[in-house]
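Attaching a single structure in structure tokens format; questions to follow.
Labels run A, B and C following the written order; every chain starts at residue 1.
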Amino acid sequence: MATPPDATIEVTDGADAALAPPTDVADAPSGFRVSVADFDGPFDLLLSLITKRELDITEVSLSAVTDEFISYLRQLEGADRLDEASEFLVVAATLLDLKIASLLPQGELVDAEDVALLEARDLLFARLLQYRAFKQVSAWFAERIAAETARHVRSVRLEDRFRQKEPELRWTTSLDDFAALALLAFTPRELPSVGLDHLHAPLVSIREQAAHVVGLLRSGEPLTFRQLIAGAEQKGVVVARFLALLELYRHAAVSFEQLEPLGELTVRWSAEHWSDENLVNLGADYGQ
Amino acid sequence: MASETLTDTAAAPDGTDTTPERGLPDGVELARALEAILMVVDEPQSVVGLASAVGRPVKEVRASIAELVADYDGEPAADGTPRPRRGFELREVGGGWRIYVRSELDAVVRDFVHTQTPAKLSQAALETLAVIAYKQPISRGAVASIRAVNVDSVVRTLLGRGLITEAYTDSETGAIHYETTELLLTQLGINSLDELPPISPLLDDGRDGFDDVR
Amino acid sequence: MASETLTDTAAAPDGTDTTPERGLPDGVELARALEAILMVVDEPQSVVGLASAVGRPVKEVRASIAELVADYDGEPAADGTPRPRRGFELREVGGGWRIYVRSELDAVVRDFVHTQTPAKLSQAALETLAVIAYKQPISRGAVASIRAVNVDSVVRTLLGRGLITEAYTDSETGAIHYETTELLLTQLGINSLDELPPISPLLDDGRDGFDDVR
């Protein structure tokens, strides 16, 4: 495929960008504001400041941002705000990377290099900048698609006299194959997930980890996050278990208790009605 | 010169079209609006229908169509400007006007169609056909939403192949509903749709119109 | 005069087309054959494909297409003959040529065609699409790491809409790599990926997963 030529989007300053960002960061109509020790303003502005390196991300209390973000998510309703939420999620997930890194038990389980990598500030800047560039260029995609949707192309039924000149149809589908095709067509499309075992680090199913966590918590005794990840040998499993907890939290199946930032995280089973069928769709957002 | 507005420099029927035109954007020549419509419609269009679409008197539309016919046929314009005889023509068929390939060029187009059309149905076409077979009569939009892809061109192919046909048009929505034909039964080697193997929904996830799949 | 043969009285690019044409019936002007074919096509037609359909050199077909574009756009013919700016135009989109209603007339035509407008893509889908467009072929995991979120459901949407497709599966990791389709080009109204707006290398600090952004 062709390589797009280099360099015109000025990402370090949204106002000068060759492609205007979808919303001006200064007056983004977003309802979510971050208010922490060093910073008070819309979430997008936080991102913008970080990209300008005017604010050191490590000086922003991530737990405070996370708390605000989660409470903001709780208020979100309706499809209109889903986009907004997913946009926040992208940035929040990047910010959360560091929080997850600090949640990971220090010691033999975690590769020290990995933590160093996750903590590398510049890498975070790089990712935010990169994300920002794609976010900006996506506005161009939206505009072009909208403009092109309004166009009308000539696309008419072939005249009968030409129709008759088509090669005769070769039908090779048996009745059973036809029914199988119907079944295929009616089945919601799933992404193929073949060959994942070949991966150096096999993918971890959030759903499976959720099932594991549910099994541990359902008996009633609250457990700490540290206890929940005891015995997990791969970082991926730890992360998946953390995400599974967030998912369960979203379904109001668990509640969290953390007395101080970065303190021990206690998880309590809080589901009033729980059926294991709930697990089926769990992690669907992650395609697991 | 390439004028910015859609004025008809060579093909103005006469001087009458210089007044502002009702029902059309400013500066849009009636003939240009008509040829735009005729380029995208599938069915022959009556003069009356066209007239109401562009908000102009039937008489004017009729004159403009006659002028377009002459234009595409390569007759010189009223002012004597020569015009090419186009590869397409505007013909009145069954009480309506539609653009067709000029018959002298049939051979060229026939060869083109012959080499372009595969003898076998594509996977996409087969799946769309299967959806229609099991959920007929069904509109194109409903098929598209089940298949999660645009099926316009595939439906055209299936219509052309005689495997499906138009069952009826919903009087409220105007959506054409399609059903399968005897030809499909013949190809499948069955006598009636009842002989289609039952398919059970893999996932009864409450998707609209999914539970009534036979 | 209405000539019996399909000669191009007003719009002959120059005098060279008077020789008998290979691959076309006697007396059929190349431009007329091309416009006849363009009347029946369903997909964008590349110059190469058109050239093979009419049995003429690519270069000649390219010139003839350019002349048709100028013709429909209402530019005067080579000999100065004025031509109307047509209600339709010939556009190169998605890797080939097709007849479109001129954009000024989209509003006039809109009521006439009931095309089903697909639902708008979400911001998440647009961003994922942008990442794939610029970094193709790219695995889902690589997209996810740029967007810092899981993109599986969004990728599924894009696949379902036919905007991306599977390019290949890495034989070692088994990871499926995705690329964009011609349909994406069509929906963007561009003809090749080269027409995507350039995106800067941002901070070219050589960090993993970052230095290869183009």
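Criterion: a contact is a pair of C-beta atoms (placed from the backbone, for glycine too) under 8 Å apart; a residue touches a chain by one contact, two chains touch by 3 or more.
Chain-to-protein mapping (UniProt): A = Segregation and condensation protein A; B, C = Condensin subunit ScpB.
Since the structure is predicted, the reported quantities are computational estimates derived from the model, not experimental observations.
Distance from per-chain Cα centroids to the pooled protein Cα centroid is smallest for C. Of all chains, the one whose Cα centroid sits at the greatest distance from that of chain B (Condensin subunit ScpB) is A.
Once the centre of each chain is set as its mean CA position, chain A and chain C (Condensin subunit ScpB) turn out to be 32 Å apart. Centroid to centroid, with C-alpha atoms defining each point, chain A and chain B (Condensin subunit ScpB) lie 42 Å apart. Here the spacing of chain B (Condensin subunit ScpB) and chain C (Condensin subunit ScpB), counted between their Cα centres, is 21 Å. For chain A, residues that reach two or more other chains under the stated contact definition are 152-156, 158-159, 162, 189. Among the residues of chain C (Condensin subunit ScpB), those touching two or more other chains are numbered 38-40, 42, 88, 99, 101, 109, 113, 115, 160. Partner chain C (Condensin subunit ScpB) is touched in their complex by these residues of chain A: 1-11, 18-19, 22, 82-83, 86-87, 89-91, 93-94, 97, 122-123, 125-127, 129-131, 133-135, 137-142, 144-156, 158-159, 162, 189-192, 194-200, 284-288. Taken in their complex, chain A has these residues touching chain B (Condensin subunit ScpB): 152-159, 161-163, 165-176, 178-179, 181-189. The residues of chain C (Condensin subunit ScpB) lying in touch with chain B (Condensin subunit ScpB) in their complex are 1-3, 5-11, 24-25, 28-29, 31-40, 42-43, 53-54, 71, 73-76, 81-88, 99, 101-102, 104-105, 107-109, 111-116, 118, 160-162.
Of all residues in chain B (Condensin subunit ScpB), only 36, 39-42, 100-101, 106, 109-110, 113-114, 117-121, 126-128, 130-131, 133-134, 146-148, 152-153, 156, 159-161, 187-190, 195-199, 201-203, 205, 207, 210, 213 touch chain A in the complex they form.
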